[in-house]
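Below you'll find a set of structures to go through.
There are two complexes below, and they share chain A, which is joined by chain B in the first and by chain C in the second.
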Partner chain A sequence: MRSEGPGLGGAGALAAGVLAILGLPLLGLSDYAMRVATLTALYAVAATGWTLIGGFANQVSLGQATMFGIGGYVSTLLFARWGVTPWLGGAAGAALAALVAIALGGVAFRLRGHYFALITLALAEMVRIVVEYDQPLTGGAQGLSVPLVRNSLVLLQFARARDYYEIAALLLLAALALSRAIAGWPLGYELRAVYDDEIAAALAGVNVRRAKMRAFVAGAILTALAGTVYAQFTGFIDPDSVLSIPLSIQLALYAIVGGARTWWGPLAGAALLVPLGELMTSSEAGAGAGITKVLYGLILVAMVIVEPDGLAALLNRRRRGARAQA
Partner chain B sequence: MLEIRELFAWYGVIEALHGVSLAVQAGERVAIIGPNRAGKTTILRAISGLVRRQGARLHFDGRDLSALAPHLIPALGIAHVPEGRQVFAGMSVEDNLLAGAHAAPWGSAQRRRRLDEVFALFARLKERRRQASETLSGGEQQMLAIGRALMLGPRLLMLDEPSQGLAPRAIGELYQGLDTIAAQGTTAILLVEQSAARALEFASRAYVIENGIVALEGPSARLARDEAVRASYLGI
Partner chain C sequence: MALLQALVNGVLVGGVYALVSVGLTLVFGVMEIVNFAQGEFLMLGMYIAYLGFVGFHLDPLVSALLAFGLLFGLGMAIEAGLVRPVLKGSQLGHIFLTVGLSVALQNGALALFGGDFRAVQTPYQVSALALGPVRLSVPYLLAFGWAGAVSAALHLFLTRTGFGRAMRAVAANSTAATLCGVNVARVRMVAFALGCGLAGLAGAVILPYAYVFPTVGFQYIVIMFTVVVLGGLGNVNGAIAAALLVGVVQSVSTLFFPTVLENLLVFTLFVLVLSIRPAGLLGRAHAL
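This part shows the complex of A and B:
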């Protein structure tokens, strides 16, 4: 029935995956390791948001960080200024991200080709500049600190990394479930048709603009939610960490390296690259920080040469090979 | 069934059709021939709403097409197989066909039946139903593109240069399939072809398009005898 449909194992493998994700803290990893795992999960969620439009429909967003930043800034501002719990703030951030996606898509999806990438890039820069200059409200380039309350589920703050991890893991599971469901829904067909050929898709009766819009909005919401949890987790956000172009590219990179046309590719990419990046940054007193970017670039180049469809395709190929031999 | 009067179409500011009138009756086989860049493809694209167009009349079964977005047109019963065999490369053969039935508000049983009908018409597609469509040969991809169009059970099937780039044997098979479709009498075929001889052989009526207008029209047999047509398009 499906070529790029859900895939990746049966119900057993899925259940094992869910347990592995939720049960990771039981391994008794260090607090630092759990922090890395939390970051990985959050970036995986954000990258999953990117992949719904960028991977499934090949409408490459170069401004996904905008959605991440909206999630982080809205919840943090509401919390810091009016004491609104980040649970509500996260919902407000997601709603704003959805509205921004609708407005942006309304313009960009009238045009075909690379305009979407350019418009998302332009918007991302505009938002970053506005946030940097509107210092009284946003803290400007100095960033915003999340008021410290410590250990309150209601205010989404914890003392231990593993508690943040569980929140991030639940969000990750929800994001993966949504992405997997979309791949199997009619919307999944529509996006794959758009990926291959927009005109042929329209001639097959696909409302191309609506399909793109739905994927973009769903992805914006996921990415914004990840941004909110990220802000709570790190306790501090600034334009560099949540609104920058390098972050946008990083998110796309996780999805592409993992396999942007599959629901689990973004997680695979993040699970490989985020810990690698952390390792490089923390070693040698941060001397590796610059090298990380070089390394990311090299990995991307290698991936594009070896298998442009990412780890997912590499794995599928191997499995198919194994089956052919059996 | 399809009625077009004084159709104009534009690519940006360039006017590509300058008042084309054309009609297709139910179950009819009609060909559009003419030189490269004369506007043959544009006529199909204008019917499907893929270019900016305006006509004194652009009706299908009495419904005005000019206000409809491209994705709403297939559901009316107009299937358009664009130039260059646009199959969805990333999907399997069967998924391509199911994607074709996308606009149909049918239950899965009807989709199944349609699928079986297409497989009966193009047995090769059935053999390769699970195969990725990008691994098909050119002729098979064209069959798939046509099969996908048929999944809607269209009353008008518009084909843009279906034999382009195919081996002679594949062209033979392709036209055999088209003959079968036309012989069922429920689907009219509007065929744009570079190869005028083949198009005139297939169709009962034809239009000769030159520079965005209808230069000549009539029964295929008569056009095939026409001196100008023979000299310009049949190379005789």
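This part shows the complex of A and C:
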């Protein structure tokens, strides 16, 4: 399948989408619903970060959670130990994530395909082990709590979920705008060329390594920022919730289900699956905590068999079919 | 003396790692798929042996055969129903099919059995043979024996039987194998099923000394990946040699490092080998 440029509607549709995302709190939803919406937005941002490299360039990373965790841990540590506002902490987390991405990419981009997936998984596990081991600094496996201050824009803490949502929604719009812009930039074309055939891309004059690195670093920054807001929002992080392989898989899952080759796919996947997951977790009331994840796994299996390019491709196929009939 | 003991333990454990890893490398050699769910098949084998022990007083070393058979069948079904449709597709599908399977199986086990750590009580559980100053733990020794027997059988199968040779032919060059009249689809199915079956067998064999819980596969998958990459993805003999090496490195490292960091060392080895010699220490990928 040839992937075209940005796509998905004209300026009108885009404006409507932006208004819908920002205006969601006006619907007067419950605090719980707004919590779910906030989580959805944050995971969508993190999944967008994965898509830039995993979807656009087909460099399947299994370690995106590392960046999410770095965002969460850096801002929380700076806040808890030295009272640094998470606004600055988030920036520091994003900067560190960018540096880590450069270092990890330096090692991992020598490899392709399965080897790349394997090494990203290993590197992510190494980060998790170190964080768990260095208990005096990071709180180890027990995790870290964010000091509670309640309702301070300066310290990025609010009493109501809808205030967090507005922050998350702004971050989401920024992430989507960046992803859409990249898809249209020369970098987007380079990444698609890498997707199609890395060797051919290199022969055609694409600096493959540079293109991958740029996408990886941009994605790392987005995911780290989502991690910072997530930590503030939930008030608690531990290696399982922000640094684990299952989280890496979950982020890729959102992108793949929505459409990993489009800028809006990660949002579509997260908007579908995060509320579904929350709904199931709350309704089964802890009886069998595994069921939701079983479903996630099965959805992932079904999706790659039916349409590895996700709902986006299914929609495109139908649209093209309708046009052909007209 | 502690060092000698650690070396011996390392070799014994390494033998089991070999058993766990040959399936993974076999599947990669034949199908060019990394089975990320391999650890979960090991976990299923452990639960089968556990249920066999609790329900029918079967020794895990006996239910190992049962685990092999059941997982071989499951593997055939998974290959035909799920893997085959994505084989021609993109890399993303190859990777996330088995990743999705792994998530589903792991959490299915969690829903079914709960998160408890379970173990069986065999009569030989705590016994050990003294060999001079070195003690050989009986459960480890038995597991090592099983691993050796299965590796030998696998070697004979791959080198002496027609079907085994066909499998090596597909691994070397599937197009050429097709042209020579090899039924590649059937070879792939059997290879995948064999990979699953071997993981299941390995799971049963380690139950006398290891706890079973839904995410146990993840502990082993880490080691499996390291082993198969060290040995060269797709290289069965390489995997066996690498498994012994990893067992020894891990066991000796516990003398010098805290156990929490044990896996860090294995991962470091893994990353180093991947970045310096992606084809493995023994070179040549694709040599079954």
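By our rule, the second predicted complex is superposed on the first by the 322 of 326 C-alpha atoms of A that agree within 3 Å, B and C clash if a C-alpha of one lies under 4 Å from a C-alpha of the other, contacts with A are read in each partner's own complex, and residues count from 1 in each chain.
The rule is short, and it goes like this: a residue touches a chain if its C-beta (ideal position, glycine included) is under 8 Å from a C-beta of that chain, and two chains touch if they have at least 3 such contacts.
Here the structure is a predicted model, which means the values were calculated and not measured.
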Chain B versus chain C as contact partner of A:177, first or second or both or neither: neither
Chain B versus chain C as contact partner of A:88, first or second or both or neither: neither
Partner chain in contact with A:159 - chain B first, chain C second, else both or neither: neither
Partner chain(s) touched by A:15 [first = chain B, second = chain C, both, neither]: neither
Chain B versus chain C as contact partner of A:189, first or second or both or neither: first
Partner chain(s) touched by A:103 [first = chain B, second = chain C, both, neither]: neither
First, second, both or neither for A:27, with chain B first and chain C second: neither
Which superposed partner A:200 touches (first chain B, second chain C, both, neither): first
First, second, both or neither for A:256, with chain B first and chain C second: second
Residue contacts with chain A in the superposition, chain B compared against chain C: C
Intersection of chain A interface sets (partners chain B, chain C): none
Residues of chain B defined as touching chain A within the complex: 48, 50, 69-72, 74-75, 79-82, 86-92, 94-95, 98-100, 102-104, 132, 148-149, 152
Residue numbers on chain A that touch chain C, as the complex places them: 54, 58, 60, 62, 107, 110-111, 113-115, 117-119, 121-123, 125-126, 129-130, 132-133, 245-246, 249, 252-253, 256, 260, 288-294, 296-301, 303-305, 308
Contacting residues of chain A [partner chain B, same complex]: 1-4, 186, 189-190, 192-193, 195-197, 199-208, 261
Chain A partner contacts - residues on chain C that touch it in the complex: 28, 32-34, 82, 85-86, 89-97, 99-112, 214, 218, 222, 225, 229, 233, 258, 260-261, 263-264, 267-268, 270-271, 274-275, 278
